[in-house]
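The same chain A turns up in both complexes below, where it pairs with chain B and then with chain C.
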Partner chain A sequence: MTIQAASELLDTKTVASPTSFANFWNEFSKNKMAVVGLSMLLVMIVAALLSPILASHDIFTSEGITSADVYQAPSAEHWFGTDDAGKDVYSSFLYGAGVSLIVGFFAAFISIVIGGVIGIVSGFYGGRVEASLMRFTDVMMVIPDLPLMVVIIALTKPSLFNIILVIGLLGWTTTARIVRSQTLSVKSHKFVLRARAIGGGNPHIIRHHILPLVLPLMVVQAVLVISTAIINESTLSFLGLGDPTTASWGQMLYFAFQRGAMSAGATWALAVPGFGILWVVLGLTLFGQGLEQVLNPKLGSHHLMAGRPIVKSEAGKSADVLLDVQELSIHYIDNENKAPARAVEKVSFTLKEGELIGLVGESGCGKTTLMLGLLRLLPEAGQIVGGHVYFAGNDLMAMSESQIADVRWKDISIVFQGAMNALNPVRTVGDQIAEAIIKHIPEFPKENINARVLQLLDLVGINAQQKDNYPHEYSGGMRQRAMIAMALACNPRVIIADEPTTALDVMIQAQILELLDDLRKKLKLAIIFVTHDLGIVAEICDSVLVMYGGVTAEYANVDTIYNAPKHPYTQELLKAFPDLTIPEKKLTSIPGYPPKLNNLPAGCRFAPRCPLAFARCHTEQPALHSLKNGDLHLASCHLLEESK
Partner chain B sequence: MTNRLRTIIRKVVWALFTVLFVLVLNFFLFRILPGDPARAGIKDPRLTQEAIEAIRVRFGVDKPVINCFESLNPIKAGSCTVNPFDTQFFVYMSNLVQGEFGFSFYTNRPVADMLRERLWNTVLLISAGQIFAIVLGCIFGLFAAWKARTTIDYAALLLGLFAWSMPTFWLGIILLYWGSGYGLPIGGKATPGMSSYPAWQQWLDIGRHLLLPTLAYTVIYMGEYMLIMRSSLLDVLSEDYILTAKAKGLSTFQIMKDHALKNAILPLMTIFAINLAYTVSGVIALESVFSWPGLGGAIYDALNRRDYPVLQGAFFMIAVSVIFANLIADLTYSYLDPRVQSE
Partner chain C sequence: MITQKHILEVKNIKKHFQVGRPSIFGQDARRVHAVDGVNFHMYRGDVLALVGESGCGKTTLSMLLMGLEESTDGQIFFEGNDITRATRAERKRLSQRIQMVFQDPYESLNPTQSIEEIVSEPLVIHKLAKDPIERRLRVVNALEDSGLKPAADYLKRYPHELSGGQRQRVVIASALVLEPVLLVADEPVSMLDVSIRAEIINLLADLRRKRELTVIFITHDLGTVGYFADRVAVMYLGRIVEIGNTLDVLKNPKHPYTKALLSVIPVPNPRLRKKREILQGETPNPINIPTGCRFHPRCPVAIEACKISDPAFIEVERAHDAACLLLVK
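Then we have the complex of A and B:
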């Protein structure tokens, strides 16, 4: 029950059924835990099956055994010594393997069937059926099962059949809960709804649509239930409740422990059966854990893992601006043997005090990666492979970890995309804002922090009494505004706003934009605004950087971008953007998708979707051309070279 | 606030309902299955005449089992119109409410008296083991998650799975064998004759006796808490708010302490609650290995002596303790997690 219960609570298990068995086998054979676990299990199953052949002695007869045979040390005759009755421990071990495995498998079968039925029925039918079945499951879960097993078996007869039945009938609770949550998530799948819409009866839907998707999870669960059943059987046997006509590992331990193996120094009689239990349970646990990893792969990396080292490039010279990004390149390297994903390549831009730059492009063009790269917040696989980021003349890429930590938030802060999860759910909003001040302005008088937090919240239009609320008590728009208040806490000079309005409705979007624009004017903030909405850009930006496939497509002042775009991608983007002055304009979207960053085209990255592409575009990458003398206008397209 | 109060009341009511379920289950199990303590007790030649008379009164054996049934094993229908207060079921219920569990077949002493002290001994062993297991498990799990996918992580994972796969009582036997070589006590709770020594020496003596069983308990369940903590922390550390904390310029230590730990430990609370029912089973076997005078040891002795009243009483005490411990863990969890309060 334990580990399964744990994983149920921690993971919302959504085990997808493997596309094909070959595919599954391929993944499975690569998982060391699963392979080792299965092998350990198979070895013991084979040993149990072949026990009549492998056993060196007949353990069911006492013929020819004398008192001199009791607790004999291991020898050529008795590989693992003899037990309290003078019987061969090696042969008993092989025989006990069969008993333990039979109990484990049959009891687990009963548990899985009961748990599966209760889980599927309550998940599928819902309502009162679900409520009462789950209540019953909860009640059964809290009652300690082993003491109950002990009571029932003590009152009845400790036969193998009874033991299997009792262990099986009491071990289904976790399975029921896990299967129920899986059924709930499967139930809302499109094809299930469709099957229902065309009039499929409930039994039909359960058999053909629900069961195949719940089954892989039940297999994982079964493996873990078998191990619990084996442990339970051995514990019952060790308490003296084993079937007297058979000899499981638990019983071997019971007799050895009861009959003085310890004082006789007959460690083998205690070690061997215990080792058997450990071997099988460990095999099952490894197998189950590995199987789950195969069926439900997780990323396994997190934000605090040491990232890849920055590849230092030769120091350049910083322009006399607030932020100067020079030819920054970022790659994602998942696997040393695979080609890296070139997420950002040689992107440069500058930012003056009070300037608002718009960073535009479709999803998956490297915008967020570029922003995280600026503050060296990339995930583990991300590596800065070249370039510089000068902030007020200092290269952020050359700083130590503690130096950059001082720059973060104090000088450059970030408002993340989707503030839903960007705030810690178990700390109040006010507390999280105060934390930034305490960290970066240690000299800030303690008694004034509260007033400062209230002032910040007021700035973004949040009531004072909501300071001590938790994030889940805020609406989506409020959380976004709280995030902005937090970003302003240490009076930064640059704010990176990474699609801060994406998930919000239009009214709130407008409010937040207005707020940012207002703050920029009031506090002389420089803002990098990441978005894929050109409408927003037109309204508030000073300059625009259009990114495509990780490279700069076009970089110019906002007027130039709107009135004289030179890159075909910018032109196509504008075609997809409604213009109020030309209401009859036909909106066209760009067919296709941005390229995969680990499989980029050989030539221009936009060439496959470009309406103007010609032969050279498919073979050669265009350089970034400067188009206006004096004024800022850069674009990367072969056409521009031709026209020069 | 009213919401929160309602949640608490709902949880308490369910715990009480579960206790009631255990009561009914306990009653019918011992009536349906062979080995009814009341009837068996009367037939038992070891009992004195007074004890038999006491059983007769206490269990109301002359009364029908419950309305409509004269007896359940073998099934014999009876009148459905008997006064419900005049049945074995009612006598049983009112006895339990007054904390009476009948008399032991073996010692003739009241079961409640025999088990009261044992209950505290079990609670002592479980608390000591749980505290060490949780603290150490969380610390190791924290390191494993922090250093995810490094050698430290893999080693911790394997050790955790290894410890979890070991039968508790077998580890107990190994430790007993090993500890006896170092002169550690191999059984019981106190050295005989210690009661004449000063209190601090008595406590020290109990501590020495607790050492090995607690160690066995800690090793087994530490592995489990470590695995859970690791998995929980890995989930938390890949959340967006951790990236926010990093962007805020907080150090790894500060992020762990102020942002990750509380979020990672909260789900551990519920698992701890669910686990209680399970860890008790390990304790029963462990107590019999170390002859620890707790409820598990009582069950073990009762089994060997076919002492059903003690078995029934011990099961009831264990079940009720687990249900209440579970309730407390559950309530603590909902108190600590702000998201539950406003549900």
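Then we have the complex of A and C:
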């Protein structure tokens, strides 16, 4: 590339900072809470700015006011009546808005800056700096703000400036703590280490890597601190510690209260400034919470829920097959208007007693969805849109929720990936296994539970002495064994193992694979092994289902898959996988990436990456072809039809 | 003897972390022996794979090389100078010559920076290529060398818009933009899908040829080293137990730990299912290093002497060293 080309690039592409603000605004405008809050706030800000124009009376002079004007009820002349000094409440309200908002914004600014600096510095530098700053923060937090403010203001001259300063200087503690914990979490990210590795010093890292990620939180916090500051100012003024030369809402309340507005029946003199405080604080709170939802979308995440069955039961299935999955389809329907994500489409396979089937595919190919779908444990948006799953002759997809709850864990159980997160850290492993037994078999005799727990631990190779240890006292491999013991608690006949060895070291992985292989022989367990590791599949599986983009690419016994694969995807996947026995082999990657499930290609889902694709592949979905008479071998590829 | 030909020479490097505080009764605080006396050297253009399970010290070793941790003892000579005693300013200069690729491409990119900001950040820090055109040219070159073509399509994008493989390419580009001579790649493919893994390994192999990079390739997966590394060093509990040319180590391992490790690597061929040498238990805690040979409690062929004497590193074959008493003739 020449300098000229680069400068052209510079000209055409130097657009003002990218879409991030537009994105933010788009999300923001969709959030009702944030929009309502901001609008409420803007109304008040505009009113305050325009108060000289909007005000109907001059409240800074007592000229022409007689005693007859005191506590006048609302009228055409005085919309909100008059106060103790005969001044127009409506006009005072408008001026008061300005004072309250000024106090709120400046005090919040001071406390956000102090809290932000203390939070970032202590979170980033840690050690003694953090210890002393945080102890200081704790002390400041323990001291009740309001009495201290009262004392300080009483000792100094109660001017607007002093009030702002005191509220600002005392209100930073929560911000400091929140910012510190956010800084700690940002600091632990690898990109901070990377910045250090490229030679970045502390100031650089704070400016470019910590601040941009802490700032959104500080903005949200600022909004909330403004409302606290406004309340604090009103409280101080109400106690008679306000700046006597200004007319804040708190001052209005103070004078009305002191000078008998209640006994005079002049409720408007109290209600109007009270309404102003309520309006602004409510607006700020709504705005702050909405802003937090927009900036931190994780707050609104889904949780696991059982999907609803939509198919009716048909006939039972043949006897030696334990699990018979027939054309199961699962879609994610997030939004009625958007196209559904077709995560699993017409996937079929069977599982016999003692059989170990490998379910292989890249991330996002629908493996995990398929597994969760078998037990109807899909997230809310996941819907089973077709197919049957027969277990011992009964269709799991047609069962009632209570019926399938009875099948889960008792007949078919799951070993999840990442055993670290699946165990409760504050209960012993033995307790947790006992709980799994009691929860699913309530009638299990209490006196036998201990013996059963020990038996299960023995089965998975955990020492009896370690029964009463906590999960953190276990290593990663031991925890995975404990998870397997739990899955075995109710003597299931099928175990779904979802990437059970992914985070483990090779030696520990070998131990766990050996254990699973032993268990299936000893207990005649059928196992569905979900993995992306073709090596593991070759080592332990009997049959293999290769998934791609939610559909079956190829399904055959293990030897056929590795030695006579027919689907181009299987072939390419094998070429990309390292083989220790032939280190001189050249690894080839599959160009491109798996399709997005809500934007699938029109024809074969693998066509865009397939080296052998021809015209038909891009327009027509291939059917699943059976390739061997008698023996199992299915693959979905147009080439197989041509060659037949 | 330090020859000029060695671009890197690591001599008895140690990193011990203190756990807790020393007790008031004068006992020493407990120490984690994360790296406990590692020796190796590299020539310019070499690719050395550092292999081991978690807790073997390979990541701590990479931190020491990068100056992100301070060593407890020993020296690291880079281009003839001991860099363990480098000052902050020297360290900053060194970071132009030694760069790192991190394991997790999802974690190692700041989500608020655009790709251009990420890749040009090293230039900004080192105040290089201040002219905006020259700077962009270098960023574009680094991106295109890393396989993100045309680079113009990526400059204004953000990490979340890219796939895992593309992100790892961005991480590589940001390391290359300073034109380093030594690249430390810490598990660069372990978080990626199989089909993309091959792509990144092939990319690193190309770059090494094209840019004459010296590469330390840290991995837990012995299966991938054959495709990329000239030499392999196997680590166990803070030490190298075997080092040699890749094919020698893979086809004719000498140390019982290497043998066991090789036997449990899954082979993608069901006809080659074999007897696996599965070591029971787990790597001991690096706080209490076993006496004698540190591998003896798990070693399938350990003899009585292994409990007492710590085996020296000996050359078993030409350029193939291992530390095992059974290999002493």
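As a convention for this text, the second predicted complex is superposed on the first by the 529 of 644 C-alpha atoms of A that agree within 3 Å, B and C clash if a C-alpha of one lies under 4 Å from a C-alpha of the other, contacts with A are read in each partner's own complex, and residues count from 1 in each chain.
One rule holds for everything that comes next: a residue touches a chain if its C-beta (ideal position, glycine included) is under 8 Å from a C-beta of that chain, and two chains touch if they have at least 3 such contacts.
The structure presented is a predicted model; accordingly, all values stated were derived computationally and were not measured.
**Student:** Applying the document's definition of touch, where does A:84 land relative to chain B and chain C: first, second, both, or neither?
**Tutor:** In the superposed model, A:84 contacts neither chain B nor chain C.
**Student:** Between chain B (first) and chain C (second), which does A:498 come into contact with in this model arrangement: first, second, both, or neither?
**Tutor:** It touches nothing on chain B or chain C.
**Student:** Answer with first, second, both or neither: which of chain B and chain C does A:405 touch in the superposed model?
**Tutor:** It touches chain B, and chain C stays clear.
**Student:** Once chain A of both complexes is superposed, is A:559 in touch with chain B (first), chain C (second), both, or neither?
**Tutor:** In the superposition, A:559 contacts chain C only.
**Student:** Quick one: is A:143 in contact with chain B, with chain C, with both, or with neither? Answer first, second, both or neither.
**Tutor:** Once the two structures are laid over each other on A, A:143 reaches chain B alone.
**Student:** Quick check for you: in the superposed arrangement, does A:395 touch first (chain B), second (chain C), both or neither?
**Tutor:** It touches nothing on chain B or chain C.
**Student:** In the overlay, answer first, second, both or neither for which of chain B and chain C A:377 touches.
**Tutor:** Once the two structures are laid over each other on A, A:377 reaches chain B alone.
**Student:** On the A-aligned overlay, A:590 touches which partner chain: chain B = first, chain C = second, or both, or neither?
**Tutor:** Touch partner of A:590: chain C, not chain B.
**Student:** Give me the intersection of chain A's contacts with chain B and its contacts with chain C, in residue numbers.
**Tutor:** 1, 3, 6-7, 9-10
**Student:** Would you tell me which residues of chain C are touching chain A in their complex?
**Tutor:** Residues 53-54, 66, 68, 91-92, 95-96, 99-100, 102-104, 107-114, 121-122, 125-126, 132-134, 136-137, 140-141, 144, 152, 155-156, 158, 163, 165, 171, 174-175, 178, 193-199, 201-202, 220-227, 246-247, 250, 260-262, 264-273, 276, 278-280, 282 of chain C touch chain A in their complex.
**Student:** For chain A, which residues count as touching chain C in their complex?
**Tutor:** These residues of chain A touch chain C: 1, 3, 6-7, 9-10, 13, 15, 18, 20, 189-191, 193-201, 204, 208-209, 212-213, 362-363, 475, 477, 505-511, 514, 532-539, 558-559, 562-563, 572-581, 583-590, 593.
**Student:** If we count contacts the way the header does, which residues on chain A are in touch with chain B in the complex?
**Tutor:** So the residues of chain A in touch with chain B come to 1-3, 5-7, 9-11, 135, 138-139, 141-148, 150-152, 154-156, 227, 231-232, 234-235, 238-241, 250, 253, 257, 262, 267, 270, 274, 277-278, 281-282, 284-286, 289, 298-305, 375, 377, 402, 405-410, 413-414, 416, 418, 420-427, 435-436, 439-440, 470, 472-473, 486.
**Student:** Which residues of chain B touch chain A once you look at their complex with the stated criterion?
**Tutor:** Going through chain B, the ones touching chain A are 14, 17-18, 21-22, 25, 29-30, 33-35, 145-146, 148-149, 161-162, 164-170, 173-174, 176-177, 224, 227-228, 231-232, 234-235, 237-252, 254-256, 258-260, 262-263, 266-267, 270-271, 274-278, 280-282, 284-285, 288-289, 299-300, 303-304, 306, 308, 311-312, 314-315, 318-319, 322-323, 326, 337-339, 342.
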